[in-house]
Structures are given as structure tokens and as C-alpha cells.
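You will see two complexes here that share chain A, one where it goes with chain B and one where it goes with chain C.
Now for the complex of A and B:
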């Protein structure tokens, strides 16, 4: 297989991702929007498979689709303000202008760039996974430990902030 | 399907996320936009790791960090949503303006 291309069936997942993202941005009902986000995140997991990483695809499904989306559904249901009023501001144009401007500017940058592809022999997935494990505990150890502290503080902080106060 | 198709996909995702962050008035809608932008970033890292560099290890480690930070961010943001809802019975960002001069 040509190393500069992945199989064209990846476009199915591109469609899934962008379709889900469109649903999650445009739908009025916030619960439907969360489901759209779930579709988009699952599509990205599929794209990770095409980019030679079954490990990150699994992480994406476990943490994003199974964790974050479900937590959002819970939050929507606990703060039951579903469809109480219009969800998008009337000045949608104000949001569309920077989004479209950014799209066109970056599209120009991407189209005018020439990327030099890798020529060396690509390591297989198992080798990459092994070196991820090694580098997390050597080169990236400080960031890794800092991230674990951040996660711990986030959990404690979330409990403290969301706790019901007794008066 | 090559590098530029992946870059275009993540560009569309990022723009949709930006649109949601600016245009939504529901707090969870804004959070959805932030998640889309974070995913656009990790898709970019993965694409460059696959097509441009010969060893994708660093790219995949960075994507792991992004996923971990996104989990922490979502937990905090959702608990803030719940706290605001308890206090004000609304999670509409246009209602949260008591600091406005």
C-alpha cells in the first residue's frame, strides 16, 4: 500500500465525523446535540484506526464516547433545561464570520503547503505501543506525573464544586 | 486519502467547534464546541504522526495527553454547570452577567 495514502474507505468515517459535528453544533435540543457529539467522536476513533493506532482508537471510544458523552448526558438531565428556550443566539452571523474566516485562511495555508512525507521504514503498531509505554515513563515522565496530579485535583474539585450545600 | 484530506477534516471540525463556542448560549453547547476543537487538534497530531514523521510515538503520546486533559476539563466544566444550575435555575450564558459593569 502506498504509504502516503490510507484506504479511501476512510471517507466513510470522515462523513460520520463531520455529520456528527454538524448535528452537535446545529441542533436546538441539547440532548440531541450531545448524541451528535458522540457520533463525531466515534468517527474520529475510526479515523485513528486508519492512522495506524488501534490503541488510541480504543482510548477515544473508552474515554470520550463512553465517558465524556455519557457524563454530558447526565449533566443535561440533572440541569433539566431542555428546550426551554432557543439555544442559539440571534447573532449567529457573529459566530459564523470568525469560523468561516478561520476556515478559509487555514485552507489556503494547507493547500499552499508542501509536506515532505516520511521516507524511513515505519515501525509497526506493537513497536510504537511499546515505545509509548517506555517514553511515558522516561522522556515524558514529568508531564505524565503532572497530568495524574491534574486529574486527581479535577476529580476532587468537581466533587467540591458540585456538592449540595446544606444551609 | 492523504494528509491534506485529514487536515481538511480537522479544519472543518475546528471551525464547527469555534462556531458552537461563540454562537451557543447553552453552557453544555459551549462545552461540546470545546470538545470538537480538542478533537480537531488530536486528529491533526495523528495525521502528521502518520504521514510526515517516521516515528509516530511522540504524536500519539501528545494525543493521549490531550484526551486526559479533556477528561479533566469535562469533569470540572460539568460540575460547574451543575453548581450554576443549582444557584440560578438556568444555564444560559446570557443570564450569567452579574459581573457586567
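Now for the complex of A and C:
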């Protein structure tokens, strides 16, 4: 996409995403950082909406903003010692190494892949929804089922961990 | 709906926002009055009678009082979260209301994924509740917030599953299409179990009795909004009553046929159904005793979730066998 074609609203969402991400990295109170992450995730949902994918935007809000962020807040509160303690600088330097590595890899992947140009036709959201559903259960069925097995394992693991703490 | 009046998208958004905010304010004023009147009648009292006809202006007077009250911020509050929380709780409500078809030609936004969006925005409200409970730096507020979020997550699952069975019937997540599919018979007749599960889940999602443990006054003062005063408290109240309207609008759209009905115009039917459901929820509140927290959670996970899953699978099987 040519930068000149981008509508100004897109920059609001880009700003939200980057600002939220910065907040989540720079804030020293871990709970504030989680809420910063929530802002970044909401910004991404806005970008999906801007790119004409209302379904992805709704899913992003439902799963990441409403689900994952809340789960993270819960986790922070359950680990009660973390509540108001601030993170150490040394740990941050340690965390920077994998973060930079991941950023580098992702940038490499994005820059080296070839994107199919836009056809200029706005896809109808209903047909998009239908084809997502069809493809998930046909072409990508194996990946879909594998993901559900992984999630099931995660749930069982969580139950086992929670049960052990009780005794 | 304003597209014909103003061409500009920003003006349209602004005008729609203003209309929705106005509606929500009037709605809350009316519902608080209705709740006080109904609760009084259930307890053989009269309720407000002095201000206006049958006390109708009582809540307006209360609103003016709340506007004039001092805003108190606890000294050790987590200030950014404490101040942001009422905004985060109220914001998704405004978006939520804009998604419903009130009449054939009367709706603010008509999206193909309208149903998903309604639930998605409901989820944002939980974060606001958490911010309020944590930001207040008060143990009762924090306990109330944790209860509220645990309860909302638990009851959201049967709620969404029962809504999914309706999408199977209507073959669409577009709210206007779901209403149009019920032009002859409402889905209540095909999905009685789904509708019952939805209603129970909706009462729990709005944190109302018998599921009001997040703000059980005998245990937790007022739960997550204990430390809020004046207008900030009023915003939480506004959000609570607006949420009642939203869950009733979802139920009307999914199970009661939305704006369909004989003789009267569509929007009248829509609001009759919505406020009928709200009155039913108020009736519940003043009839049933409050549940204990563990009873509430085990009821969600061991009764409602399996039932709604069975309902969803049963619907899918019946549709597969009998349709075409």
C-alpha cells in the first residue's frame, strides 16, 4: 500500500498500538504494563477494522483484549508478591535479548515475503466468514485440530497445577 | 440512519454517539425509578411518590444531587487506573447499543459480525471493573472486582454458546438477518433451553441478584465501586443499567423476534420486549435470595456449560438431519 493512500484514521490505530506497546514495556508497575498491553491489542483490533476485516477485529477484541488481558491481570494478582513490586533493571536487559531476536526474525520474515497485491475489490464480510469456516474444517483441518489438542493439554495442565497447590 | 442528514462520517459518528448517550441517560433514569417502584410494590410499599407524578422525577433529582457531590480520591489509590476505570466500563456500552436493529430501517451500524462484536465489547467492561477494584486500593473493592471478573468469565461461556445455537438456526451473525429470520415465529419456540440458559447467564453478566456477589453489601460494602463517589459512582450505575438494557436487547434480537409483532410499529415492539425482559430481571432480583460464591461458580461450570454444549450439539444434529 502506498503511504499516500492511507487514511488518517489508520494512524490513530498505529499510534494506539505503538503507544500501548511502549507503555507495556516502559512502565515499571507490572499491572500498568498489562493494561498498556491491552491498549496495544485494542489498537491492533482497530487496524483490522481499518483493513476491512470486521471479523478479525471482533475476534481480536473478544480473545485478546477481553480474554488474554484479563487472564494476565488475574495471573499477576494470584502471584501476590508481584502485585506492587517493580521489575529489576538487570532482568530487563536479560529479557531484551530474546525480544530483539524475535523482532529481528519477524522483520526478516515480513521483508522477505512477497505480498499479493490488493485486487481492489472489497470482499463481502459474509463470504469471508463462510470461507474462513470452510477452510478451517477442510484445508487447515489438521492445524485446527492440533490447536484444540494443545489447548486441551493446557487446560488439563492448569487443573493439575491448581490441584497440587491445594494439598 | 443519519447518513441522509449529514454526509460527513465524523458528523454521523458524533450525532449517533450523542443520540445513544441521551438514550442511555434517560434509560438509566427510568430504570432506577422502575426498580425502586417495583421493589417497593414487591415488598408492599409505595416507593417514591413525592417528586413528580408517582415519583417519576425522583431519579432526576438524585442525578442533580450526584452531579453536585464532591469527588473523593483515596490517598493511596492507583491514580491512573482509578480515574480510567469508569471510562473503560462505560465506553463499550455506548458501542454495544449502536449494534441493534430497533426497527426495519432503524439501526446505527449493521455488521455481518454484529453478534460477535456485542460479546467482544462486553469483555472490555471486565477490564474496567478490574481497574476500579485494583485502583481503589481497598480490600473489599479488590475482592468484589475479582468475584465480578471470575463470575463474568464463567457465565460468558454458556451465554455465547446459547447465542451460537441461534446463529446455527439463522445461518448468520448479522443481527438484522437474525431478526428477519424470525418474521413468522420467534426462536424462543425452537430454542427454549437456549433462551433459558441465556436469561440466567444475562442476569449473572449484569451482576444482579441472585448473582450479585460482586457487590454483596453485607460482605463487601459495595464491591468494586466502594471507593467511588459522586459522578464517578453514577457512571458505574449508568453502565450497570445500560448493560441490563443491552443484554435484554440481545435476548430480544436472538429469541423474541426483535421488532416483529402484530399491529404496533416495530420500534414499539422492540422496546416493549426489551423493557418486559428488564422488568423480569427486576422481579428475579426482589424474589430470589443471593447465592454463595462457590455455589454460583459450580452452577456455571457443572450445569450451565454442559447444558449449553448439549443444546448446541443437539441443534446442529437436528438441523443437519431435517434441513434440506
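For this structure, a couple of remarks:
Here, the second predicted complex is superposed on the first by the 117 of 167 C-alpha atoms of A that agree within 3 Å, B and C clash if a C-alpha of one lies under 4 Å from a C-alpha of the other, contacts with A are read in each partner's own complex, and residues count from 1 in each chain.
Just so it is clear, contacts are C-beta pairs under 8 Å (C-beta built on N, C-alpha and C of every residue); 3 or more make two chains touch, one makes a residue touch a chain.
For clarity, every value in this text was computed on a predicted model and none was experimentally measured.
Within the superposed three-chain model, A:77 lies in touch with chain C and out of touch with chain B [touch as defined at top].
Here chain B and chain C are compared by how many residues of chain A each touches, and B touches more. Applying the stated contact rule after C-alpha superposition, one finds that A:95 touches chain B and leaves chain C untouched.
In the overlay built on the shared chain, the residue A:156 is in contact with neither chain B nor chain C. Using the contact criterion defined above for the overlaid structures, shared-chain residue A:38 touches chain C, although it does not reach chain B.
Contact with neither chain B nor chain C is seen for A:108 once the two complexes are overlaid on the shared chain.
When the two complexes are overlaid on their common chain A, residue A:65 makes contact with chain C while staying clear of chain B.
When the shared chain is aligned, no partner comes close enough to touch A:12: not chain B, not chain C.
In the superposition on chain A, no contact is made by A:137 with either chain B or chain C.
In the superposition on chain A, the residues of chain A contacted by chain B and by chain C overlap at 55, 59, 67, 74.
Contact residues on chain A toward chain C in their complex (touch as defined above): 29, 31-32, 35, 38, 42, 54-55, 58-59, 61-62, 65-67, 69-70, 73-74, 77, 124-126, 129. By the touch criterion given at the top, residues 4-8, 10-11, 14, 17-18, 21-22, 24-25, 30, 33-34, 37, 40-41, 44, 47-48, 50-53, 55-56, 59-60, 63-64, 67-68, 71-72, 74-76, 78-79, 81, 85-89, 91-92, 94-96, 98-100, 102-103, 106-107, 110-111, 115-123, 128, 131-132, 135-136, 140, 143, 147, 150-151, 154-155, 157-159, 161-162, 164 of chain A touch chain B in their complex.
Considering their complex, residues 1-9, 11-20, 22-26, 28-29, 31-33, 35-36, 39, 42-43, 46-47, 49-58, 60-61, 63-65, 67-76, 78-83, 85-86, 90-92, 94 of chain B touch chain A. Here chain C touches chain A in the complex through residues 78, 80-81, 111-113, 116-117, 119-124, 126-127, 130-131, 134, 142, 146, 149, 153, 172-174, going by the rule given at the top.
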